[in-house]
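Listed after this line are the structures, all set down as structure tokens.
Shared between the two complexes below is chain A, which pairs with chain B and chain C, respectively.
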Partner chain A sequence: MIDWIANLASWELLALNPPGWGGVLLKGLAVSLQVAVGGYLVGFVIGVAGATGKLYGGPVLRDILDVYTTLVRAVPELVLILLLYYAGTDALNQLMMLIGAGPVDISGLVAGIFVIGVVQGAYQTEVLRGAFKAVPHGQIEAARAYGMSSMQVLRRITLPGMLPHAVPGLANLWLIATKDTALLAVVGVAELTLVTRQAGGTTKSYFLFFMAAGLLYLTVTLISNVAIRRIERHARRGMPAVR
Partner chain B sequence: MGPELRSWKEPHRLVLLAIGIGIIVFAAVNMRWDWLPRYSWRLVEGVGTTLWLLVLTSVLGFLLAVPLGLAQAAGPWWLSGPARMFCTVIRGTPLLLQLWLLYYGLGSLFAQYPEIRESWAWPYLRSAWPYGVLALTLSFAGYEGEVMRGAFAGVPKGELEAARAYGMSPWTSFRRVWLPRAIHRALPTLAGETVLQLKATPLVATITVVDVYAIISRVRQDTYLTYEPLLLLALIYMMLTGVLVLAFRWLEGKVPVKGG
Partner chain C sequence: MSSPHTGSESGASQHPHAVQVSGLHKTFGELEVLKGVSLTARTGDVVAIIGGSGSGKSTMLRCINMLELPTQGAISIKGETIDMKPDGRGGLQPANAGQLRRIRTRLAMVFQSFNLWQHMTVLGNIIEAPVHVMGVPRDEAIARAEKLLDRVGLSDKRDVYPAFLSGGQQQRAAIARALAVEPEVMLFDEPTSALDPELVGEVLAVIADLAREGRTMLLVTHEMKFAREVANHVVFLAGGVIEEEGPPDVVYSAPKSERLRKFLATVQ
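Up next, the complex of A and B:
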């Protein structure tokens, strides 16, 4: 027990410069955050397109989007990440061969953003579709009756109206995105969880490093929560308080 | 699928269906599936392990979630504080990290002590599955504990006052009114949480538990195939998710939802 505490308290292992691993962990955190932000934004673009397609698209497009969201939500993220990681890099290389360029080495970062983006896109499609549908139809008709163009209706009525319904779901998906980046450790992207295991494996201080990484993830979550609460308050202004 | 059940017989559906069947036939003919008979029995066993993990950790996690939710909804500060912190930590960190913390961290810690190494528990502590079960159970408890907090807090005050007016002791009113009503309110989320739990189970393969995901990884190593095993794996999980969703829909149909 005593040597464990001594081991746990060997804080110099967390120093920012080698032989400390603190710098490595922070670099891993930076990669995780980049993948999370990038994947979330890619997911948002897919989500907006997907929700629009599901609501206003033709029957074929709607069915294809249904298949996409159902498939992604029914298969474990870990399996999707493996499939998309290999399929995505393969497809890109074949494309490069077609246009005559040599095979490219896709960085784990870009592949990770793509993979998280496709997964997030399915969930965000559903959240945005629900939020769009929550705007009362009468309000949109009233706006049309006032002679607003469809862009004006979108900007003045639909977007502000759907925001309070979209924010909780989107916020939840952001938190999921930050945690899903950990799964990229399985395909060897040097994000926080993987470098933490490497640090633990090299120094045998698994507890120390996993605790430190856990604190980093938790900090991201808690800071996000503060920001989310502010955004939510802004989006819900003028509406009755919940709970 | 949308709320309105559209017909399969619409022409565009038939075309899409034909394309889907075409893709499956193409995959079956042009991809390599000769490894399948050799691994079929092990795959069945792997699915068994996955389901066993899912059921065990969901049940244990739910049993843990009830006191966690109760402590947060009605406990004194020295109970609600730790419970809230537990849920925040579990929900704020990746499950993979928690799993590796328990397996590598606790595992290497236990190995340092001869007393533990010589005890009856060592064969269990040395294998991987207890850590997998523990991590998945805590994770389920963390997420569902938060749901149960809301469920306990949302039971109308009048029902509890009515129970007290009937002369029920606090324990009786908890057992007869508060707990059943809270579980009833939490039921709709349970299906979603269980599907999420199913999708979390393959993580245990990273600590050498042999579930269906681990078997597929074995196939990939043995045959150097990338897509065929992974596509089969995706199909297996899709079917498991489908069965789970149908089972919960059936279950929810059995429970009357009056005033829920």
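Up next, the complex of A and C:
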């Protein structure tokens, strides 16, 4: 049995140090996680601003935000990534030329965070908009009646009040963000999927490396689920359990 | 009826007129809900505002703390008039957000549907405004909140979230929240209308207790018998104007207007 497992694959290829590729995979995972976390946070900031803009903004702002969320959600993410990555860096370089500076080299990491952030922002805008609307108006009214400023109402009442309604949607988007990072392989960001392909290509042990990468993605999801459950329990503390 | 009450230290509280409403108009679109209402509540008064549905009584109460912005008219609390300016659409808006926030902390509103903050415990709800709006030290606010919980009979519920309480308990918690800001005037907006009949009594008992200690209160209510017992002044609103007002015994026993007579006949 042990022999069988040992012969199934060249396990030594997963060693952390060369000639093993384990270290490379873990570094790729680290890049993936950085892009996911960074993009998700950028998306959250866009989402809060977008949701507030859609709910309380003027007609022009609302139209602009509608165009943004519709476009981003309509175009396949792979196309968006190619578009934003190449067109985005191209536009930035043209701009730099225009102001007389030389072309800049944009790191794949930063570009990746930007791209994932723009995509996440559109989806989070919609999730948060729904959650904001789920906070009973009476609670906001009570906060104003007791002398809170608009910022205090947002921080003390609206944000914590909408959290239970937002957590399921936001949790989904987090899991999507962790896997969307794989799409960045097409533009050459050295994240987990790209380095896995390199490892497989070099050693011809495709099965081994893609299984290893799959397990790493699964681990991220399982750990995320534990954290999400905790956050959800905390957010729903004031709500009776529905069984 | 102007017995001094505990809990208001500022000199302004000596002003004889706790609330002055003058020439209040409120229009929602085409509908004119208030058509020039003027009303004065002296310090220590318990004013009951009665009237049929749609008579504008809740709207009037909500204009006092500017939850509803009047189209015309002025509101003064303890002699201080809330600064207003035209909003450019034929109505008014607050001219000084800081002043409005300060005045709001001297008023306390109890809502029909309680409006407790669902993500905070009962204690959290009570100390929220004192700690985060008025800057009372947390320990002090908690000590005071515990006394208030004791007073409304909810000491054992201090760490419970509102959704786990009955309607009557939630409304008593909301009254404790109102008392925690040591208000100079309490505004009750139909505080028992959302309650099951068997829970009305416990809330009315708390309100009657507050009336007895000489608090200034404006009370919009459908509880006619209760209004007669606790109020020293009854205001009858009909069609957006004050149709009749006076001491409860006079208003209830010898109504002068036909509308009030009809109203009393239908509710009693």
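The rule we apply is simple: the second predicted complex is superposed on the first by the 233 of 243 C-alpha atoms of A that agree within 3 Å, B and C clash if a C-alpha of one lies under 4 Å from a C-alpha of the other, contacts with A are read in each partner's own complex, and residues count from 1 in each chain.
Note that a residue touches a chain if its C-beta (ideal position, glycine included) is under 8 Å from a C-beta of that chain, and two chains touch if they have at least 3 such contacts.
As the structure is a computational prediction, the values presented were derived from the model and not from experiment.
S.K.: Identify the partner contact of A:10: answer first if only chain B is touched, second if only chain C is, both if each is, neither if none is.
M.R.: Neither partner.
S.K.: Looking at the overlay, does A:214 come into contact with chain B only (first), chain C only (second), both, or neither?
M.R.: The answer is first: A:214 touches chain B but not chain C.
S.K.: Could you tell me if A:147 is touching chain B, chain C, both of them or neither one (first, second, both, neither)?
M.R.: second
S.K.: Count the residues of chain A touched by chain B and by chain C, then name the partner with the higher count.
M.R.: The partner with more contacted residues on chain A is B.
S.K.: Is A:237 in contact with chain B, with chain C, with both, or with neither (first, second, both, neither)?
M.R.: second
S.K.: Given the touch rule stated above, what does A:157 touch, chain B (first), chain C (second), both, or neither?
M.R.: Touch partner of A:157: chain C, not chain B.
S.K.: Does chain B (first) or chain C (second) touch A:107, or do both, or does neither?
M.R.: neither
S.K.: Check whether A:94 is in contact with chain B, with chain C, with both or with neither, and answer first, second, both or neither.
M.R.: The answer is neither, since A:94 touches no partner chain.
S.K.: Going by the contact rule set out at the top, does A:202 touch chain B (first), chain C (second), both, or neither?
M.R.: Neither partner.
S.K.: Between chain B and chain C, which residues of chain A are contacted by each of them?
M.R.: Overlap of chain B and chain C footprints on chain A: empty.
S.K.: Touching chain A in the complex: which residues of chain C?
M.R.: Residues 65, 67, 97, 101-102, 104-105, 107-109, 111, 113-120, 128-129, 132-134, 161-164, 177, 181.
S.K.: What does chain A use to touch chain B in their complex?
M.R.: 3-4, 59-60, 62-64, 66, 70-71, 74-80, 82-83, 86-87, 175, 179-183, 185-186, 193, 196-197, 200-201, 204, 206-207, 210-211, 213-214, 217-218, 221-222
S.K.: Which stretch or stretches of chain B touch chain A in the complex?
M.R.: Going by the criterion above, the answer is residues 1-2, 10, 12-13, 16, 88-89, 91-98, 100-101, 104-105, 108-109, 112, 195, 198-203, 206, 213, 226-227, 230-231, 233-234, 237-238, 241-242.
S.K.: Quick check: in the complex, which residue numbers of chain A touch chain C?
M.R.: Residues of chain A touching chain C: 136, 138-139, 141-149, 152, 156-157, 160-161, 163-164, 235, 237-240.
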